[in-house]
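Two complexes are shown next, each including chain A; its partner changes from chain B in the first to chain C in the second.
Coming up: the complex of A and B.
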C-alpha cells in the first residue's frame, strides 16, 4: 500500500498529516469524549447513570428507538424493491447513449435542498394537497384522508430520497457486470429467471448492501424528514434527542441518547463491514 | 410476450419517474401561485412570492451566510484533506492505517451526533454559537470525504514526477504547489465541489451551532413554522436552481476533461 517513496522525510510528513489529524481529534474525538462524560451526569449534578436508566425503563423513550428501527427497516426494504427494477431498466433496457441523460434525470430531485424536499412532500400529502385533491376529483374518496403527520408520510419522504440513492449504487453495480456472465449462463441452459437469481443477484449484492447500509445510517440519524412529515404523533430517535435540547436544555440526557443511537449504527456497521471496504485505487 | 415485458418496463419507469418528480414539480408549480396557499387549484402564474423572497433581508443574508460557510469550510476541508492524503501516500508513517482510519471515521457518524458533540464541547468551553462554529462542523463532515477522494488519486507515476522535481532542486512546498496540486486538480475540484454541496445543504449542525446569524436551510426551517406558504415554495425553487447550476458546472468541467 504505502509506496516505496521516501521512507522517512523527517518533519515534512508530520507537517502534512498533522493538521487533518489535529482537526479530527479536536472537533470529532474530543466532542465525542465530552458527550460521553456529560451523558453520565444529571443536569446540574454529579455522576449518575440516570439518563441511561431512564432510557431503558421508560417506554416512551425506548419506544423511539424501536420506531426508528421499524421505519428504517420499512424504508430500506421498500426502497430496494422499487429501485432494483428501475436501475435494471436504466442499465439494460435503455440504449447506451441515452443512459447518462436517463440517470441524471432520475437523480435530479436529489439536488433539491434537504429541508425543501420534505416540505415538498408535505405540499403533496397535505389535507387539501395534490393527492387528496386528485382523489376527491376522481370521486375515489369523498373526504380528504389524513396523509401528512403519519408514519406513512415519513416513510414516503425517506423512500423518495433512498430510491434515488439506491438506483445510483445498483446501476453502477449492474454496469460493472460483464455481459459474458449472462451469455455463459444462457449457453449452459439457464433461463432468464435462473440467470437472475443465481448470477445477477448475487453479483449485485455488494452494491445493494452498500446502499442498504447508507440508507440505515442516514435514515436513523435524520431529524428533518420525521419532524416535518411525521410530526409529533410518533417520535423517532433524532426527534427525541432534539426535544431534550430544544425545550429542556437537558444536555446530559441528549448526550446519552446520542451515544445509544451511535452504538446502534456501529453494530450495523460491523455487521456489514465485509461489504464496505474502502479500497485505494 | 416480448412486447408485454417491454410495455411493463415502460409503465414501471414512467411510474418511478413520476414518483421522483411529483414533489419537485408541485414545489416549483405552486411557487408561481397568485393566492396565499400553495394548494390546488393553481391560480398563477405570478412572481409575487419571488419578489417577497428577494425583499426578505433575513433570507438574502442567510443565503450569503450559507455561501460564505460553504466556500470557507470546503476550502479548509480540501486543503487539510490534500495535505494529509499526500503525507500518507508519499511517506511511511508509523500507525498509518490507524491514523487514516481515524480521519475517515466521521463518515460513519450521523450529522446529528457530530453536531450534538460539538454543541456539548463548545458549551463546556464557552465557545459561542456562531457561523464559525457551524463552519468547524462542516469541515468535520467534509474532511474525511476530501481525504478519501484525494488519497485514492495519489498514484505512483505522480510520485516519480515529484521525485524528478526534487532532484532538480525544488523544495517540498514547491513540489506540492507547483507539481502535485496541478496534477491532481480534477480530484481537488471534485473534493471542493462535493464539500460545497454538502455544506450548502446541511441543516442540523447549523441549526444546533448558530444563533442569530444563520444559514439558509435553518432560515427555511424557520419559515416552515408558518405552515404551507408559497414563499417557501419560491425560496425552495431558487435553492434548487442554484444546486442544479452547481451540478451543471461540475458536469461541464468533467465532461470537457474526459473528452479532451
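Coming up: the complex of A and C.
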C-alpha cells in the first residue's frame, strides 16, 4: 500500500507538469536553440561569430541596444510614477462598489488596436495636432514644435499603454494588504507619510517590480511603437532586427541580435528575481 | 437514456452540418483556387473579383513586404502551397537561383504592349527563359506639396540637402531607392555602383537626414506628406501622390535633372505550383488592359501599368502623368541591384544614417 502510494505520488507531479513542460520545450526551448544555432552561421552558409562581432564593433549596431535600454528605463520609471498614485486612488479612495467600473475604465485603452492607438498618437502629437494647437493657443509656444517622430513620442506611446499594466499589478498588490498593517503603524505613532514609506511602499514592491519587469520585457521587444512614433530618427533593437529581415532576409544576423536582446531580458529578470516570487507574506 | 438520445441527435446534426460544408466546398463556384503571395495593391476586391467572376478561380492572397520576407514565407511552406508571387523585378533572379520560379510562356503574354524600358530582361530572364514579367512600375524621386515648395527647386536633388528645406523633409525608409537617389545626387550611375561609391553616397544621405523630420515606411511617409507634417518626400513619386490627388491636388512629383529611380514589380509563377494553368490565367488577367487599370489605381497605392494599353480613364492618366512617361523613362535610372556583399554594405550605411543624430 505504501509502495503503491509512493509510486502514484511520484507519477502525479510529472503528469501535472508534463503538458507545461512539453509546451515550454516545443514553443520556447526548441525555437530558442534553433535561433541560437542560426545566430552562429552567416547568410549563405558556414559557422561564424561574425554576427556577434559586427554587433560589438559597429557603433550603429550597439547604439540600438543603448537606445532600447534608455527608452525602456524612461518608460518604466515614468509609468511607475504615474501608475502608483492611480492604483492607490483606485484601491483606497474609490468605494468598493465602484472599483470594478473604475478598473474597466482604466483598462479601456487595451481594447483598441495597438497600431491604431500608435497612429492616433502620431496625429495628436503632429504639428497641427491637439497638443501643439493647445500650446500655441495658450501662448506657451509661438510656433509648433516637433513632438511626433521623436523619442518623446515613442516614450509617450509606451507610457500610455504601460501605465495601465502597472496600475493593475500595483492595485492587486494594494488590495492584498491587510488594513492591520496601517492600524498597527498608527498605534505605534507613525503618521501617514511614514506609514507609506516604511510599511506600504515596501510591501507593494512586488507589485511594482512585477509590473516594471513586464513593462521592461514588452517595451524592449516592441517594434510597432518606435517604428510608428519614433520616425526612425534612431533605431531600437527590434527595428534593427526587422531591418535585417525585410529585404535581405539575413536571418543569422537577426537571430544573433535577438539572442542578445534575450540576454538583456534575462539580466533584467535576475535583477528583479527576488521580487518576482509568487508567494506573498 | 434521454442524455444518450440527445447526444445522438446532436451528433446527427453535426454530421449533417459537416456534410453541408463539404458540399459547399465542392460547389462549382469554388471549384478552383490559387494562392498568391502579393503586395497590398493586389488584395482589393475591386481588383480580384472581376477575375474570380470571369474565370471561376478564387484567388487567396497573402500580403508580405520585402523580398527577404517573401522568400522566407516560401521556405516555410510546403512545395505547391503557392502558385503566384509578386516580387521586385531586380530580385526575380534571387528566386530563380533558389529554383522557385517556373519559366513563363512569352507567347501567351502581351510583352509587345509593355513599355520596353520596364521589361528589364537583365533581371527577369535567365538563360533565355522569362521568369518574371513586369506588371507595374514608377519612380522613387521627389514627392512634394507644390503649394508649399518652389517647383523649380524640385528639379534638382541638391535642394534636398540645402538649408532651405531643413525640417520639411521626410525620407522613404527603403535603402535601395533612396541610396540610388543619393548616388544620382553625387553624380553616379546606379547601374555601376561599387563599394568605392559608398562614402560619397553616405555623405549625401547624412545631409538629407540632417534636413529630415522623419524616415518613414509607406504609410508614415504618405501621412506626413498628406497632413502637412512635411512638404517633401525623398523617394516619393506617383505611388504616394497619385492616390491622394483627389483629396489633395497640391501633391505632385518631379523627376529632377539628375534623374529618378525606376522601380518595378514583377509577377512570377512558382515552379512547384500544381495549378499552373490557373496561375497563368491570373497572370494574363493582371497583364490585360482591364487588370492593369485596376492594379494601377489600387486603393493601396497607385503606379504606372506596365502595359501601355491599360484601360485607364483620361483623369487617371492625367494623375499618373501617362503622357509624360517617355520623357520620364528616358531620364530614369535603374533601381540599384547590388550583389550580396555590396547589398550588405549598403544596408550598413543605411543603418548608420538612421542612427545619426
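Everything below uses one rule, namely that the second predicted complex is superposed on the first by the 246 of 281 C-alpha atoms of A that agree within 3 Å, B and C clash if a C-alpha of one lies under 4 Å from a C-alpha of the other, contacts with A are read in each partner's own complex, and residues count from 1 in each chain.
By our rule, a residue touches a chain if its C-beta (ideal position, glycine included) is under 8 Å from a C-beta of that chain, and two chains touch if they have at least 3 such contacts.
Note that the coordinates shown come from a computational prediction; the quantities given were computed from them, not determined experimentally.
Novice: If you stack the two complexes on chain A, which partner ends up touching A:220: first (chain B), second (chain C), both, or neither?
Specialist: So A:220 only meets chain B here.
Novice: For A:189, using the defined touch cut-off, is the partner it touches chain B, chain C, both, or neither? Pick first, second, both or neither.
Specialist: After superposition on chain A, A:189 lies in contact with neither partner.
Novice: Using the touch definition from the top, say if A:120 reaches chain B (first), chain C (second), both or neither.
Specialist: A:120 contacts chain B only, not chain C.
Novice: Using the touch criterion from the header, give the chain among chain B and chain C with more contacted residues in chain A.
Specialist: B
Novice: After lining up the shared chain so the two structures overlap, which partner does A:128 touch, if you call chain B first and chain C second: first, second, both or neither?
Specialist: So A:128 meets both chain B and chain C here.
Novice: A:31 contacts which: chain B (first), chain C (second), both, neither?
Specialist: First partner only, chain B.
Novice: Classify the contacts of A:139 with the two partner chains as first (chain B alone), second (chain C alone), both, or neither.
Specialist: Neither partner.
Novice: Quick check for you: in the superposed arrangement, does A:108 touch first (chain B), second (chain C), both or neither?
Specialist: A:108: touches chain B, not chain C.
Novice: What is the contact status of A:251 with respect to chain B (first) and chain C (second): first, second, both, or neither?
Specialist: In the superposed model, A:251 contacts both chain B and chain C.
Novice: Examine A:46 and indicate which partner it touches, taking first as chain B and second as chain C; both and neither are also allowed.
Specialist: Neither partner.
Novice: Output the chain A positions appearing in both contact lists, the one against chain B and the one against chain C.
Specialist: After superposing on chain A, chain A residues 119, 122-123, 126, 128, 228, 245, 251 contact both chain B and chain C.
Novice: In the complex, go through chain B and note every residue touching chain A.
Specialist: It is residues 9, 12-13, 16-17, 19-24, 26-27, 30, 37-40, 80-81, 83-84, 86-93, 96, 99, 102-106, 108-114, 116-121, 123-124, 136-137, 139-140, 143, 147-148, 151-153, 156, 159, 163, 172, 197, 201, 203-204, 208, 216-217, 220-221, 224, 228, 232-233, 235-236, 239-240, 243-244, 246-247, 251 of chain B that touch chain A.
Novice: Using the touch definition up top, name the residues of chain A that touch chain B in the complex.
Specialist: Per the touch definition, chain A meets chain B at residues 2-3, 5-9, 12-17, 19-21, 23-25, 27-32, 34-35, 38, 82, 85-86, 89-90, 93, 104-106, 108-109, 111-117, 119-124, 126, 128-130, 133, 160, 163-164, 217-218, 220-224, 228, 238, 241-242, 245, 251, 254-255, 258, 261-262, 265-266, 269, 278, 280-281.
Novice: Which part of chain C faces chain A closely enough to touch in the complex?
Specialist: Within the complex, chain C contacts chain A at residues 65-69, 71-72, 167, 173-176, 213-217, 220, 223-224, 227-229, 340, 343-344, 347-348, 350-352, 354-355, 357.
Novice: Which bits of chain A are touching chain C when the two form their complex?
Specialist: It is residues 43-44, 58-61, 63-64, 119, 122-123, 126-128, 146, 148-149, 227-228, 231-235, 240, 243-251 of chain A that touch chain C.
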